[in-house]
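First chain A sits with chain B, and in the next complex the same chain sits with chain C.
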Partner chain A sequence: MIDKKVQIGDKKFTLGVFNDEGKLLNAVRSLRKKEVNIFDCYTPFPVHHLDKEMGIKRTNLTVIAFICGALGTTTGFSLAYYMNVLDWPMIIGGKPMDVTVFTSFIPIMFELTVLFTAFGMVIAFFTRSSMIHGFKQDILDLRQTDDLMLLAIEVNEDQPISDDEIKSIINNEGALEIRERGQALEVTY
Partner chain B sequence: MGHHTITEITEEKYHFNGRSKMIAIVLLVLGLVLAGIGAMQVQNHWNDAQTEEVATEHAEGAHHNETPAEHHGEAAGEHEAGTHDEHGANWMSRVWANLLMNSYYFLLFAVGALFFLAVNYVANAGWATLLKRIAEAMTSYIAVGFVILFAVIVLAKDQFYHWVTYFDQGLAPGDAGYDGILESKSWLLNSTSLYFLIPFIVIVWYGIRMKLRQNSIKEDQEGGLGYFRNSIRWSAGFIFFFAFSFSALSWLVIMSIDAHWYSTMFSVYNFAVTFVTSLSVMMMILLYLKNKGYMEMVSDEVVHDLGKFMFAFCVFWGYIFLGQWLLIWYANLPEETVYFAARLEGIYRPMFFVNIFMCFLLPFLVLMMRNAKRNPLVLLVAGLLILVGHWVDVYLMVMPGVVGDHASIGLLEIGTTLAFAGLFIYIVLNSLSKANLYAKNHPYILESANHDVGP
Partner chain C sequence: MYQAEIRKPLVTGGKSYADVTNDICRPIENKPSSSWWLGFSVALVLLLVLIGTLGWTTWEGIGTWGVNKTVMWGWDITNFVFWIGIGHAGTLISAILLLFRQKWRMSINRSAEAMTIFAVLCAAVFPLFHMGRVWLGYWPLPLPNAFGSLWVNFNSPLLWDVFAISTYFSVSLVFWYLGLIPDIATVRDRAKSKGRKFWYGFFAMGWNGSARTWARYEVVALILAGISTPLVLSVHTIVSFDFATSVIPGWHTTIFPPYFVAGAIFSGFGMVLTLLLVARHVMGYQDYITSEHLEAMCKVILLTGSIVGLAYITEFVIAAYSGYEYEQYAFMNRMFGPYAWAYWTMMTCNLIAPQVFWSKWARTTPWFIFIISIIVNIGMWFERFVIIVTSLHRDFLPSSWVMYKPTWVEAGIFAGTLGLFFTLFFLFAKFLPVINMSEVKTIIKDKE
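After this line comes the complex of A and B, so read on.
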């Protein structure tokens, strides 16, 4: 379930640091033109079109949401039906004790749909993005949580162009600085 | 894949040419002819049914001679429950009821479009700016639609509203037939409201519509932010006025058909119908224009967002429907259940469920998927479902009170609807061809052209 691809682990990275989302977008675009495999971008706010430019596929979370919701609806119905019709039939407001009291089940069904979907989505999202409890989350650069954008490219043999070329492309697109992962931060806060 | 920022808006005009004009006019004429044939059928059928009914009643009366008291009691009970509304129904009632429901239904599209415009101004929303001219064109129907609606109400008010005939009698407390419920509502249900409040409301709406349209056209010619700011102010005023006036209009025109009934949810319910149907009509017009090769600038993203809006207001309608039904069903008070009791028997019973399926459940499931909201064919199907479903909805609001057990769906209903559709299409497309398809100097037009809803 946990997506290994987004885990940082011990991988080696080239990092481009940007302070402008337009420059970041352009850098991603020119790297993708050379078919460089981009590991991830870290931005303090959502950047439009970035996911398309990075070539990220659409998430399947919505399918999970639908399944959770449908599960909640059926649970709500079964719960209300079992309790009010089968196990302990009760006359409330002179209403019949069979499935024609369906109307009074609707609030329960609705609430459980929302509850199941919400919980299901929270769990699924955190699991999928490896933010579930017990996982150590490495942060490549502390400033990615503040005001700077990070472009992370994994350094390995599969990249079509060499590391130096990648660095020069990032540099040409106007990166503030280019670092290797683990290099000491030279920041004065 | 690559995204190109649009920096310039192309000028484009819709040509309301011979073929589209023909279709609209043919719809109108065909509808009128069908409605005429249907009306004659209804007249003949009505007379036959009337004689038959008298005969069976006589036979039954002879048969049940030994329990006259019980029979009498039932009749009295029915009378108190308020189902006597349709007692004076004749074949013309059905014709008038058709005219009322269709003129009201089609007016709702135009009013909803005006609300859409105003909301987008007030909320500073940019995504729908490319669709602005479609909404503006739709609002042009308010004038014609209202003239028809008002004429129908004035000409046939005693067919629809039994409170009109009741107040004509001028009964005092203690008189036979004195009706406390109707008397308590006399502050709203009176001829002043009918003759002055209804026109006042719609004239104010139309005035604001004219102002917004004028601003929009002038903005096209002159540019600048002044017209935009002015439109925001008028829109804010419109929304404030609309909240009260639309409620009053829906009470007067539709709810007072069942004048004994109490529901505080009814105006909200009508608003839900208004907004979801006008969004669907807007989607239909957009799909038609895109199919004809116009409005290339409107990206899938904008279509997707309009589809989301349709989906959202389907759910809103379902919520409001349940809000009205659930409380009435639970509390089980006679003055409230009378409305649903009339709609859960006879010909109306299947339609009641068809209504829920077509207006909520089916569009909810169809429009839920992301790809569905980006597929013109699916959107067309969903839009038709919603429009036909809400036609049934308005039918259920009007018919039980006016026509009662004699209602059915025949040539008359289909013909009247087609005629109104033809008229609506003609007026809206004609108005659409009068201005550019894009409000090119609107400050948010580029935002709309570059709109992106994300993955």
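After this line comes the complex of A and C, so read on.
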């Protein structure tokens, strides 16, 4: 599930440093027009439409949420049905204890649906984003969680235009500075 | 996006992204102030009271409480419902207002969610210790039963409550933690000492603000908000089922679920305002929690307070109309019986007091809002007391009519849960960013 291709590791990057999300979006747009492959952007807050501009597909975590939710509903029903109908029916006031009391299982089925959805989806999110302890984490600049936005483009032969052209595009879009980085700033704990 | 000039900015003071980080990280990175120490010490003393009174209850038994055969639920369940209700505002702000795209929630959702989690913890104390033998507190769980063939009863609203409250607690905790991750990463990247780097690094889970992660993160937050919304409505609905599915006059009414949910949000906003008005003043966050925020919250109080007031009157009218003399007596007894003082306190605090928020001056004057918020807290505590104690103390059989008086142990436990709540809140204010930095950064250029 963990995509090694999106991890920084020791890849070589051209980095554009921005302090305005509008400029970052424009830079991404211009680079995508030239079909430059953008590795990733790092921002201290969610920038709207950035994922679409970068060409990131919408996540399918919602499918996982649905599956987990369905599992929760089934678990809730099976738990109640097995315990109160199959294994040991509790006859209170001579009332029947069979599938017709289904309605009183609904609250627990609902709660377990919510519980399973929430946990299943969050665990899937952590896994998909490789936010698991033990992984060495890659940060390119300490201020990327504070007030700066980074645009990272991998330096390799697959890019349609040269590195200097990429740099000039980033520069024209109003980057604060342009850096090159051969190695991630390692933060180890 | 076009925004009309009439809209006021959500964050004042012309803050830059770095200003937001500096302002909100300040209390975490500096030594706590003397007012923090004072508040924390008082809370800690009350927490010791909780430990003491709960210890005494466990050692000696429920006989140390004032509850008896007729009034088997007294202060304990009153406090339980009170605390659960308080929690509801947090989820309303973080989930329901997210779905409604109310951007003003962004600077208050973090502390309101923290409040939810701490309030649910306080609430859990009461049913657990009311069981009498707290070490058997795991019995309501559907575990393979080693003591016979009997399982838990899935027809019982008390069991629904077990599931509802544990789900509510864990889902709120996950939602809160998920929101905290980007901010913990910010604190991690500013940390100087090794200890801070380790701990904030540990809890940040390697967050680096990648656009891919943000895209997923927003979807996860939206789905969590989507499922938390029916969850929060279900929790207080199920709490109200504890009463409504019984046959006790005064409890056996179909209006309970919506009435309890509105009451929960009403009381929760009362507590949110109490806490935020103090925090905003002490921490100097007037630019983030502006008078626009206070006004919006006062409007919610006005709305939910009026719904609650309407419910009180509806309940009374339906009882009068029902032609069922026990139900009619229950309501006459509430109004004119020995606990009438509690009923009229409730009516004054919940029905009359919030109506002052029709005035704009009242909605924007912090000291005045603070007083009303305290009145709302008191009123909502009395609402639960009235529902529980006045309905129980005189039921069908006059020979079993009694009065209920709490003992010092019950009073101590209630004061103690206030201690637990505030101890946790003070620790939260010291170690975690009380305002959601990453969300506030998206709205500093925005208007409401």
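Keep this in mind: the second predicted complex is superposed on the first by the 177 of 189 C-alpha atoms of A that agree within 3 Å, B and C clash if a C-alpha of one lies under 4 Å from a C-alpha of the other, contacts with A are read in each partner's own complex, and residues count from 1 in each chain.
Basically, a residue touches a chain if its C-beta (ideal position, glycine included) is under 8 Å from a C-beta of that chain, and two chains touch if they have at least 3 such contacts.
Everything numeric here is computed off the predicted structure, so don't read it as measured data.
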Query raised in the report: A:62 contacts which: chain B (first), chain C (second), both, neither?
Result: both
Report task. Applying the touch criterion given at the start, work out whether A:15 contacts chain B, chain C, both or neither, answering first, second, both or neither. Result -> neither
Report task. Could you look at A:104 and tell me whether it touches chain B, chain C, both or neither (first, second, both, neither)? Result -> both
Query raised in the report: So, A:139: does it touch chain B (first), chain C (second), both, or neither?
Result: second
Report task. With the two complexes superposed on chain A, say which partner A:94 touches: chain B (first), chain C (second), both, or neither. Result -> first
Query raised in the report: Taking the superposition as given, does A:29 touch the first partner, chain B, the second, chain C, both, or neither?
Result: first
Report summary line: Chosen between chain B and chain C, the partner touching more chain A residues is C
Query raised in the report: In the superposed arrangement, does A:44 touch chain B (first), chain C (second), both or neither?
Result: second
Query - Partner chain in contact with A:175 - chain B first, chain C second, else both or neither - result: neither
Report task. Once the structures are superposed on A, label A:118 by its partner contacts, choosing first (chain B), second (chain C), both or neither. Result -> second
Requested in this report: Residue by residue on chain A, keep only those touching chain B in one complex and chain C in the other, then list them.
Outcome: 46, 48, 51, 56, 58-59, 62, 104, 107
Report task. Would you tell me which residues of chain C are touching chain A in their complex? Result -> 16-18, 21, 142, 149-155, 157, 159-160, 163-164, 167, 170-171, 174-175, 178, 181-182, 185-186, 188-190, 197-198, 201-202, 205-220, 223-224, 227-228, 230-231, 234, 238, 241, 437-439, 441-442
Query - Residues of chain B defined as touching chain A within the complex - result: 1-3, 322, 325-326, 329-332, 368, 370, 452, 454-455
Query - chain C partner contacts - residues on chain A that touch it in the complex - result: 6, 19, 40-48, 50-51, 54, 56, 58-59, 61-62, 65, 69, 79-80, 83-84, 87-88, 90, 92, 101, 104-105, 107-108, 110-115, 117-119, 121-122, 125-126, 128-133, 135, 137-140, 142-147, 187, 189
Query - Parts of chain A lying in touch with chain B, wherever the complex brings them together - result: 29, 46, 48-49, 51-53, 55-56, 58-59, 62, 66, 93-94, 103-104, 106-107
